[in-house]
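Order as written gives the chain letters A, B and C; numbering starts at 1 within each chain.
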Amino acid sequence: MTLDAVSKILQAVLLACGKAMTVEQLIAIFGLEDGVNHEQVVQALQTLRVALEGSALELVQVASGFRVQVRAEFGPYVSRLWEERPQKYSRALLETLALIAYRQPITRGEIEDIRGVAVSTQIIRTLQEREWVRIAGHRDVPGRPALLVTTRLFLDAFGLKRLSDLPSLAALRDLDQINAELNLTEAGQNEQNGLMMAKDAQPHDDFQVEEHE
Amino acid sequence: MTLDAVSKILQAVLLACGKAMTVEQLIAIFGLEDGVNHEQVVQALQTLRVALEGSALELVQVASGFRVQVRAEFGPYVSRLWEERPQKYSRALLETLALIAYRQPITRGEIEDIRGVAVSTQIIRTLQEREWVRIAGHRDVPGRPALLVTTRLFLDAFGLKRLSDLPSLAALRDLDQINAELNLTEAGQNEQNGLMMAKDAQPHDDFQVEEHE
Amino acid sequence: MNEPAVHALLQTEMPFALVYGKALTKIPEDLYIPPDALEVFLEAFEGPLDLLLYLIRRQNMDILDIQVAEITRQYMGYIDIMQSMKFELAAEYLVMAAMLGEIKSRCLLPRPRDTQGEDGEDPRAELIRRLQEYERYKQAALDLDALPMEGRDFFVAIATAPIYTRLHAPPEVELDELLLALRDVLKRAELYESHHVGHEGLSLRERMADILQALQEDEFLSFFALFHVEEGRLGVVVSFIALLELIKEGLLDLVQAESFAPIYVRHRRTQTEELAP
């Protein structure tokens, strides 16, 4: 068996395996009739290493043997494969954000007054990390509470040019009315969420069988 | 970004993923700043296909998209990786799977009618666990039996792009017609009938797989 | 056992049928299947149709020209053996036995050749249809098994992914959701107090936010840069009120180096932070 043939078999086996393999394990892949020895496997690994140059893959030696891996430079692209599906923000966060957007600048205390419940520090921090909300200053009252405002990124995220593009509160009332008419209060929201999840579903689910019977 | 660069990124991603990916999924890997479009991805896939020639790998298109696989000729070596023999499916399972593939959507009762024997729950469960078969709905008759269909993963597992790539089904011969022929030629009837077992029938025309490519 | 009678039933010469002739009455010593292997033998068949197909193929019969009498005799032979061995037989085999018996008896009756209609239909038709139907899927199963199969004949290639800190995509929010959230919170708030949120309030607050935003970008802004004449009197007034409001809230300072010098607006934050004890 030529070195090239051995090298290709090693490539096949390492990539089908997807894990590191020792030279001993690699030798065991060959039958007696192939007559491949330790030295040939080591040489063939070198051939493979060279063959992979210029590709997205590389042969590396790690503690548990040799493995083929995707070159580190492709990390940013590969990592998008496993981007976690965005979770949904909590109701409390959305309400807090809505209040900041419509009543800015507003303090945490004022949000709490309107919502009737405490606003968790976590929510404010999440909104700040997302750079949708920032502290514009402090109200000059005892305790000097932070004044929260929305940012330009917030406008960008919602496709708005300026704050006045936010739907007016009158539109809110219309929405209320429409919902009442359609009898779509809580159920409507669930349905909406459902639709959004459906959008994220795997292509698998698109698989449809047409019947004409 | 050059075609070659896109092609390498596709190689990196497909190999890190280890599953088939659609062109849409591949496009999503690129950032807006890369400005990679559908056509470029399709072209880059072609570049990758050519680049893999002469290696142990090949780019193939199956129902769920494109994937890189180890060429079949290396199968015998790869099989030695695993101690256990690859699972051999029982005839009962294969016949059940064939009926679902060719006659979908089909109920368990209909499978039993054709096979003349009860279908074990275990077989259906195995097919569902492998995600080769899923329930697409229920027939609107008493008992509302589940309608079984095959999935994209089923096609993937057999390296098929669509259901019509399945081997064609043997044609049913018409009894009256054959009887007429038998009366004409009493002698040598067996040979003639043997010849008539031509396997030229296509899989059922009344099921179609929606493709989005 | 009357062997010539058996032959009379047969339409073609089948010498090995004699073996089965004996099998009808008792388990013959020369049966090619050892009796203790019968269970295994039966398990090799996927039901009565499969067994029938086997018997038909063994005799080079065509399904369409099935000789029911002979096949029934052989089939019953197996069934009898199974039952005599107290082997629990799947019910389907017995149903098929009954069906074969019925077809056989109808075949033996003289067929009303000249009557029109369906009376003349071959009594074997339904059996032949089922056998053919089953056989094509039996073949399809074999064809399927002959296809290259993932994990058996070919393998999907997978390489180790590079180590890279994975991105965490933040959730997406639709504007509607924000609006719904606001609606809910305002609805709840109404339980505590009655709110008057008019459009003016928004534009004033918007202007306040605009000023803060502008100051975010430049630490100092000319007082006049805050006013846009093209907005008219009302716009100027709103800007001015917004400015006063922000100063009142302690967010901004007006700065003037000397009399008649340009007035600047700046963030108080920077100042207070510097002066903070």
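By our rule, contacts are C-beta pairs under 8 Å (C-beta built on N, C-alpha and C of every residue); 3 or more make two chains touch, one makes a residue touch a chain.
Every value quoted in this text rests on a predicted model; they were computed, and no experiment measured them.
**Student:** How many steps does it take, at the fewest, to get from subunit A to subunit B if each step moves to a chain that touches the one before?
**Tutor:** Tracing touching chains, the least step count from subunit A to subunit B comes to 1.
**Student:** Which chain would you call central, comparing Cα centres to the global Cα centre?
**Tutor:** C
**Student:** By CA centroid distance, what chain is farthest from subunit C?
**Tutor:** Taking each chain's C-alpha mean as its centre, the farthest from subunit C is A.
**Student:** Where the centres are mean C-alpha positions, what is the separation of subunit A from subunit B, in Å?
**Tutor:** Using C-alpha averages as centres, the distance is 31 Å.
**Student:** Between subunit B and subunit C, what is the separation of their C-alpha centroids in Å?
**Tutor:** So the centre of subunit B lies 14 Å away from the centre of subunit C.
**Student:** What is the distance in Å between the mean C-alpha positions of subunit A and subunit C?
**Tutor:** 24
**Student:** By the touch rule stated above, which residues of subunit C touch at least two different other chains?
**Tutor:** 155-162, in rising order.
**Student:** Can you tell me which residues of subunit A touch two or more of the remaining chains?
**Tutor:** Subunit A, residues with two or more chain partners: 12, 15-16, 18, 57, 70-71, 74, 78, 80-81.
**Student:** Please output the residues of subunit C touching subunit B within their complex, sorted ascending.
**Tutor:** 46-50, 60-62, 64-65, 90, 92, 96, 122, 125, 128-130, 132-162
**Student:** Going by the contact rule set out above, which residues of subunit B touch subunit C in the complex?
**Tutor:** Residues 15-20, 57, 67-72, 75, 78-79, 86-87, 89, 91-92, 94-95, 97-99, 101-102, 114-118, 156-160, 166-167, 169-173, 175, 178-179, 182, 189-190, 193-194, 199.
**Student:** Mind listing the subunit B positions that touch subunit A in their complex?
**Tutor:** 8-9, 11-13, 15-18, 22, 24-25, 28-30, 51, 55-57, 64-65, 70-71, 74, 77-78, 80-81, 104-105, 136, 149, 151-153, 206-210, 212
**Student:** Residues of subunit C touching subunit A in their complex?
**Tutor:** 155-186, 188-189, 191-192, 197-199, 202-203, 205-206, 208-210, 212-213, 216, 249-251, 267-269, 272
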